[in-house]
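Both complexes shown next keep chain A, but they swap its partner, so chain B is in the first and chain C is in the second.
Let's turn to the complex of A and B:
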């Protein structure tokens, strides 16, 4: 195996695959990146046995095709630290030689025969979706999925596919984010459902790719494959029953207020300065023409922040964890959001548009 | 002014209270599993037997000096501690229960401090039988120093209200014995020429801040008589609760470990309810004996979060067992297990959940269970997986009776 890489393109691809290769696995092979050199392209692959990622690098000059397996972290650091425009790779006697101007690295390689296969699309995809739209759905949902819940199904994002629409939903039991997108062209082959691990979607969102390109999606019984640009990500699906999220979207929120996203976010950030572990909630008081956000940290002090709003309903107080509210405002890319509610201890409903909604449960205020 | 009241050789004093034959006889109390010495009578201290010494290493010495040995009886000590603290409450409206055998009292506004503290000391011994020492000073750190020296005065009370007395006491206090100075700081301070507490009191603030952070600077100010550490009258609810104990023998059967995890999960859940809190995360851990040399030491843990916070014993036991089965390895012999509850919230301020089950019946069940166990003794009602025999429990071969909390273990007096 012998070739020359454009270092910048290689570094970008390695940055992506290194996110998959685990540094904390007892299996050495899963710490590695598989380098497969073909006549005009190099495929870099990594997997943790749950998620697999393959990135193609095209700015290469191949002298001799071949394959090798090297520790991803070491390779990535070397490529990142070298200032050269071109790096030369050559494998001799199970050692990968990397040469730049005035630099020469020798890295021991591993046997590549045992490296697990990273799946690719098989046949036509189930549907195509604009990269930007999918990124928007992932952004809106993935932050709300659980991390280590006893209900494994909520440790991922639910994908509900119909011929006309893709819906994504995520919850950690305290908040729920739902986003929908109607297919403009083509649509999906049929109905399907999948729970995709949050980590896989976060990795996908970080992949290099053109916002205007399309993503090919294929969902099998236990796996999803997403292909965008020169990258293909595959992930095992999470088994289990996702809770019936439609049942917890409140239908009776009769008090609605429109809020400027960045202003509300800023005021929340101010109020959150005087919360702590013990008093983590902020008290939102909606009154005629004014929203007051109050917080209190025992033995530190308290804050009262107000902002003008267009609201003429009954005065209502609800407590929320400000972090939950700021999380959703951070991904709301619209100037305004609507905030609908009913009363204390009932969920709040935040919408950036009709297709993007977020339900957030309050903090009990009875002994605050 | 602040007083630190410290029970003298507390565990030994509790044992002597119900077994007068121990009075005057060298006595030690052992740690869980009868492993190390955790309390010594004055007679044992004068024999030069060190605190924390593994008992198997000094068996012959203990025999030679006819040292009485007791397993630790925390039920008895906790109840005696409660009685001492209650008595102290008559002498100050502000009492911080600092540990099982120590309390800080705010004595502001009391004119004759020494007389007040002597009366307090006499009343504690009259009502509870526990001897205490009292140190009086303008700050907590100085009160600690005062208390240490009070143990060696004839009447058990020492006041460091006077600046001159403070300097004398600090000169006689080694840097190693200072409250807030651990082994690492002690080494560093010795290296920099600070041998006694008085040397540290005179240290440059900037140097202290740089080398010992703001915590160290507060300590130095306290040594100068400027109170920086306030009394904690209502301890904040614990953010993490743990129940863990070594077994009486190593275990390799899953059944035994299931019993242990069920017992620990039940115990930690009860403590959670006592502080009126709810938890959202549970961790179970297992470890082998780190001192055995046949196999490498193995320690493992697993964590889970719930959809919503809970204080329900059955939920903790059920998920604790799931975690245990995830981490259990048949080829290991375990010496210790534990259950940790995290993400703790106060009831009434908890984050509500989208899919919360209705809690009313669970809350009533837990209330009934705690009520019965309080009235009729711990574990009268328990989760079935806790088992009956619990043969894995820690060794306490020399355990005294729970004289003050169990009807069937009361002291019998024959007339």
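Let's turn to the complex of A and C:
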């Protein structure tokens, strides 16, 4: 194997791939990155046995194809520290030689056939989706996933694919986020369903990619493959049954108010200053023309924040965990959101548009 | 590592093969039996078979039973098999106590990993069970030294053992099954492994260690009580000189020299432990001492057993063939019951070690008993 790399492009690809290679693992081989050199492209791949990532590097001049396996961390550091524009790679007698101007590194390689294959897209994808739209859906849902719940199925985001639309849902038992996207062109091949670990989606969101490009998606019985630009991410799925989230979405919220996202967010943040572990709730009092947010922390003090709203319904008091409300406002990149509710003991419904809704359970404030 | 290479465990082998042929492999197994007789080898073989893309079937040559089922095993050529053999297959998860060092929580990493704690079981087994297999067919969890799983961790595992999702197989490997909770045992299919026949151990050692003399190999094979793993460890740790020292003290027992002999045994036990402490930082000093003394006690017991063999006319089966003269002296000096009594005392001392008795006290009592015999 012998070739020359554009250092900058290689560094970027390695940065992404190193995010997957485990730094702490009982299997030494998983600390490695697999470098496969073809005639005009180099494929870097790494896996932690759950998530796999392949990145193609195209600005290369290949003298001799081949493959090798080296420790990801070492390689990435060397590439980052070299100031050169071009780096030369050559494998001789199981040693990878990296040469820049005035520098020469020799790294021991591992047996590349022992490395588990990192899956690639095989055949046609199930559907294509604009990168921006997918990023929006992930953003809207992934924060609501449960973390380390013993109800394993909710530790991921549910993907429901029908020929016409993709729905994503995530819940941790106290809140639920649902996002939908109708396919504009093509559509999906058929119905499918998968629970994708939150970790994989967060990693995907960080991949370098052009917002205008499309993502190819393939869902198999045991894995999902997402391909955007030169990167292909694959992940195991979570086994289990996702709860029937449709039943949780309240249908009878008759008290509706439109709120300015940033203003509401700012006021909530103020009120949240005086909450603590014991009184995690803020009290929202909706009255004609005014919303009052009240909070109280025992032995510290209390806060009352008010803001004008356009509300004409019945006066209602309802308690929520401010962290949950701020979480959803943070990902809602619109000026206004719709907030719908019914009574103090019923869930609230926040909508960004018809396609994005969030259900949040109220907290009981009677004792506070 | 193909399944047909596991010899002399036909009961375990046949049981697994029958279940596999009927596609009725239970999802939780306990493989129990002495260390170093092929439990993990068979578990890895079964894993390879379960993950192989094109399993092969061959005739059962090992079993005496004519009705024994044919042996299914992994092909050894497909990518799955290759990864299994390289121990890098993403769907085989080995779980062992040292994994605590790889745990994401720093406080777990800092603890000494003497047991398989609840953090290790949760993170490396229970949580992983809920992900789909990476290569598609099944996922297999091999838990080494399963008797070291703490009580809490066993309880955390119960639900998973009972009904793991998807195609999951969990195999617990242990040399002392009685340390597993009854609730754990009852959720698994038990597979018993036997000690291997000495001639087989001798033959294996012969191929592995051609540099050793046949006499030495004989000694190691006979002393291993049917465990290849045990014999290999004994050879690697060079136990024969240790045995010489032990037998030397046993043939020089006298009341006047008792203190010196005790000291000698304690020193010998230290050299028997060798570099174990350095290799495994999770072993405590007390535990290392116990391991060393047990080695000595076993050698001593074998020595007296030899004397008994001479007494009963089975001189052909002697373990310590190099010490015929000393053994004959011993056999002449003691009567039948006296020898048996001494073997019992050694067994009892070994037992006491497990109950945390002070090591020096234990050795003093034992050597005293061996010297003076039983007061009538």
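Keep this in mind: the second predicted complex is superposed on the first by the 364 of 368 C-alpha atoms of A that agree within 3 Å, B and C clash if a C-alpha of one lies under 4 Å from a C-alpha of the other, contacts with A are read in each partner's own complex, and residues count from 1 in each chain.
Please note the rule applied: a contact is a pair of C-beta atoms (placed from the backbone, for glycine too) under 8 Å apart; a residue touches a chain by one contact, two chains touch by 3 or more.
Everything quoted here is computed from the prediction, not taken from an experiment.
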Quick check on the chain A-based superposition: chain B and chain C, clash or fit?
clash
Looking at the overlay, does A:342 come into contact with chain B only (first), chain C only (second), both, or neither?
neither
Tell me the contact category for A:50 with respect to chain B and chain C: first, second, both or neither.
second
Classify the contacts of A:248 with the two partner chains as first (chain B alone), second (chain C alone), both, or neither.
first
Output check: A:363 vs chain B and chain C. Expected answer is one of first, second, both, neither. What do you get?
first
Looking at the overlay, what does A:4 touch: chain B (first), chain C (second), both, or neither?
neither
Would you find which stretch of chain B runs into chain C in the superposed arrangement, from 23-31, 293-301, 311-319 or 401-409?
293-301
Overlap of the chain B and chain C footprints on chain A, listed as residue numbers
148
Under the stated contact criterion, what part of chain A meets chain B in this complex?
146-151, 154, 171, 173-176, 243, 248, 277-281, 321, 345, 347, 359, 361-368
Within the complex, which stretch of chain C touches chain A?
79, 82-83, 86-90, 94, 99, 102, 104, 127, 130-136, 165-166
Taking the touch rule as given, give the residues of chain A at its contact with chain C in the complex, in rising order.
24-27, 29-30, 47, 49-50, 111, 113-117, 148, 152-153, 155, 197, 221-223, 236-240
Chain A-touching residues of chain B, taken from the complex the two chains share:
236-237, 239, 281, 303-308, 319, 322, 346-355
